[in-house]
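Residue numbering begins at 1 within each chain, and the chains themselves are lettered A, B and C in the order written.
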């Protein structure tokens, strides 16, 4: 920068017309600064711009005020049946019929869940929110504990609370192989026979794992295999104990569930299952073992190629045909499995995109420092790959959340299904009932999906910033 | 560097089998997987086999030749209830393809429009496009289909109170509008004049959209030939213009010339044959409009919902595709003297397409698969006709679900292949 | 390696386990899986607490009472007309009691056995009063709503063809609710279905008085419960539960007097109620199975009157569904 105020060398020093004093810069013309410039750039730059702006304003005018008028100003807020929402009866234009929603609210949130037991659903809702929120807020501590609570403990607690637990388990591994202890009775909803079976099976399985690994990998391998088996079965025992014990809660069958409860159960299960499964499938697709690779490719492409409702139809009405006679699976569980597998296949493709984006140097570096392939994936590749594809993962979650509505086609009543069922009630048939119902359900779906997408954007931004440091 | 490879380290004695031996490990894993898989498949097969034989249900695809006996509310090929299940399958398949095809076109148009609008400098347009994208992407497609069907189309007036579209109702409405604001001297004659005009040919009611049906008389084939000739000519013209542009740098207005050809040639042919195309206007008789072409509301709601829903996703894809093209490209194009339009058309879009095409493919596939949701509003697509009615009447569950899954898989493979081919064509050719 | 192969063989044999009898499955499960409608007043419909009631529901309760002595041990699976057969074929339900028309193809090639006719019905048309039609013969160029996967869907075409008429379109919906909604919104001119169903649907419309049934009955619709092929014992059980309901009405055994009737000296009653002979064992139950059934649900007449009879909102006279002794055609073979 040269100093402008310094006397400049002039070619013709005799010229008297050149001012030697420095003039402050003049403000720019009104039309090129401030709000006017902004308006010119963003609203009225040219004739087509003006037309577009006018068109936009007209569009806003014909949509926003009528919506506000419908949902708030003209809306009916109280009433006991359709008469409250009929324009003929009120003598004024009628907007949204909110008493219809109030009347059906319980059904929309709980389905047919028995009224005396609804506190259990509420506890599950609140517990989920209390555990989820701190997990989402980055600055709070104890993330690991929080994650274990939310992904490990919460599902079991929610399962016991919602169904009532007390599964009455009868056979474990030995029982199915013919050594049946299930006739031995028990207490507190637990069968002694099952647990004898469990302990014996655990001993047996651990021994088998030890034997095979020792044979294949020497004494150290044998010990570690035995430890792994034992700890897996130990955790499983705790889970089984929790779902098997008689908590004193009355059983509530899943066919009584409905509304938002079903929507959330399917969405949350799908989300928690699809991520690990998707990662496994994605890794499998990149496996060097041709059989594993091709199986994963076929699996992924099959699920991605067929519509979800054919899958749900198959799982709900045709699956028993392929299973042995006494083997029955709960109806909701069947739909859950269908949705989860479907979501896993989509998740696998997203994760694969992330894996492909990791430069080869990372793999080579990890191998160079002596990491085995499992550790390499866990410590080096996956953290980077998953971070890259967070938007894709969340988009999948959103898609999954929206896909929960499809269970309606196999007669499971989620939020949309319950709303649909509520429409058929002649007590509330009025010209505005439909719009009110769609408005209400739409707001709920929108809040969930929009919330998820905004959170992912914020997360992405933060990770991006962290990445640059 | 030495020519002689170093001798392999001797294996530790007594442990010929090592878990760390990758070859062995991979074989063990693969054999385990294969055994589990075969066992699962075999048990599925044997269970189904024993269940079916106990029921005494015949298996096989012979049922496709049997009489269907049910009616279908929309079919692109002649169909009535005395035709076979195979024919019903064809009708359902064509209905699925129809809604998917039109949906893809409409969704692409909406998506590109909205994607560009989201990047507009005009804040009002930008805000509207953003609102559109956020709302449509965050509401489930089934919700949107039901909304259009139950809350919008079902509230249209019945056939007798149909909304007519055409010159007559338009002038009539203007006339009465003028009269109502005190301009009766203008409005009155206009209304009178409107009444003398022919009745409108386009109607909208809760049974759908009715439009006049063209009747092709003898000689109509000439028009078709003219159209085909125009298309071929336009194609050749495009190739010639491209070649010339590359050789000389001169532009040729291919788009407008082609459009002219496509309009003028069939018109000329039609005139030469003495205008062989008549029109059959719909008429209200009894319950319904008789004659004319009808588009059923089930189709309209499905098409609207699918294209609006998918359009939101395509808009985002287009936006990120355009943003992915670096600003330097625009500046370089401008510095070469290209104006905004050609810059977008010749520089930005071709590069953006590379980013756009892969996700666009999966959106097209999603739209096709989502068309099966038409079953919720009674649209007779493949799933409704085949997995619904036909499965119910024949009981051939396994065969029918297998056919349906095979059809969707085929559609998805074919679409992926076509888009993959296109993607290869637009992909960056690097040295 | 040999041991692994042996274990694998064990697992394989598990997969191919021979299908157990339905009755044993039901007993092991502790509940009967019964397919019903998604909500049709009088036949099967849930209330606000998802408690089911109706003619078809009571029939399932009667079966459960016969097996478990507990009419509540039934799990109701609501099914649309189009999904019902797949659910029964696959084993998702044990018995389909969902106002299903007995037809030859369903009884043979689809792999089902009909246990009887709970309700003799026929197909009719529901139409708006304001249209002013007096007969189904005037339905030329009408738009018709029908539920997909029903015999009604097939009858419409035949009826129009036989009467040299043309319909404008037949729009088939996947569920009853969707069909009714479409009819009510004016998507079609008439709604066609079994007359009992039309009567029930009419009550669910916003203004029942605005709609009328046309007088024609265009088909025979014997509606009854059905089971899968391949398990004769289970078929017998369901069939004789139905006959037991009819015979009880014929012999005057009701929910109230069944305890006294057990002491009756009438040989027919003695055989039916199991005080003479062990006929119940022929279907895998105890001899007093009918006592349990009647205590739980009452006889056929009581079930009819409670759900669809003249005293209910549906208000349908017995007509054909009366006993053969009272001018109807309901007829139960003797227990002997």
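Keep this in mind: a contact is a pair of C-beta atoms (placed from the backbone, for glycine too) under 8 Å apart; a residue touches a chain by one contact, two chains touch by 3 or more.
Quantities reported herein were computed from a predicted structural model and do not represent experimental measurements.
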Greatest separation from chain A - chain, by CA centre:
C
Pair joined by the larger number of C-beta contacts - A-B, A-C:
A-B
How big is the gap, in whole Å, between where the Cα atoms of chain B centre and where those of chain C centre?
42
Averaged-CA centre spacing for the pair chain B and chain A, given as whole angstrom:
28
With chain centres taken as the means of their Cα atoms, state the distance from chain A to chain C in Å.
41
Chain A: positions in contact with at least two other chains
313, 317-318, 321, 324, 409, 420, 423
Do you know which chain C residues sit against two or more other chains?
15-16, 19, 83, 86, 89-91, 174, 181
Shared interface positions of chain B, touching two or more other chains:
43, 47, 51, 150, 155, 375-376, 397
Mind pulling up the chain C residues that touch chain B in the complex?
8, 11-12, 15-16, 18-19, 81-86, 89-91, 105, 109-111, 131, 140-143, 148-149, 153-154, 156-158, 167-174, 178, 181-182, 185-189, 228-231
Quick one: in the complex, what on chain A touches chain C?
82, 107, 112, 114-115, 176-178, 253, 255-256, 313, 316-321, 324-326, 328, 331, 409-411, 420-421, 423-424, 426, 429
Residues of chain C defined as touching chain A within the complex
7, 10, 14-17, 19-20, 25, 28-29, 33, 38-39, 46, 48-50, 75-80, 83, 86-87, 89-92, 174, 177, 180-181, 204-206
The answer for chain B against chain A in the complex is residues 15, 17-20, 26, 29-30, 33-34, 37, 43-44, 47-48, 51-52, 120-125, 127-128, 134-135, 137-143, 146-147, 150-151, 155, 365, 369-370, 372-373, 375-376, 383, 387, 397-398, 401, 404-405, 408-409, 412-413
In the complex formed with chain C, which residues of chain B make contact?
35, 39, 42-43, 46-47, 50-51, 54-58, 69-73, 80-81, 150, 154-155, 158, 206-207, 285-288, 290, 296-298, 375-378, 380, 384, 388-389, 391-395, 397
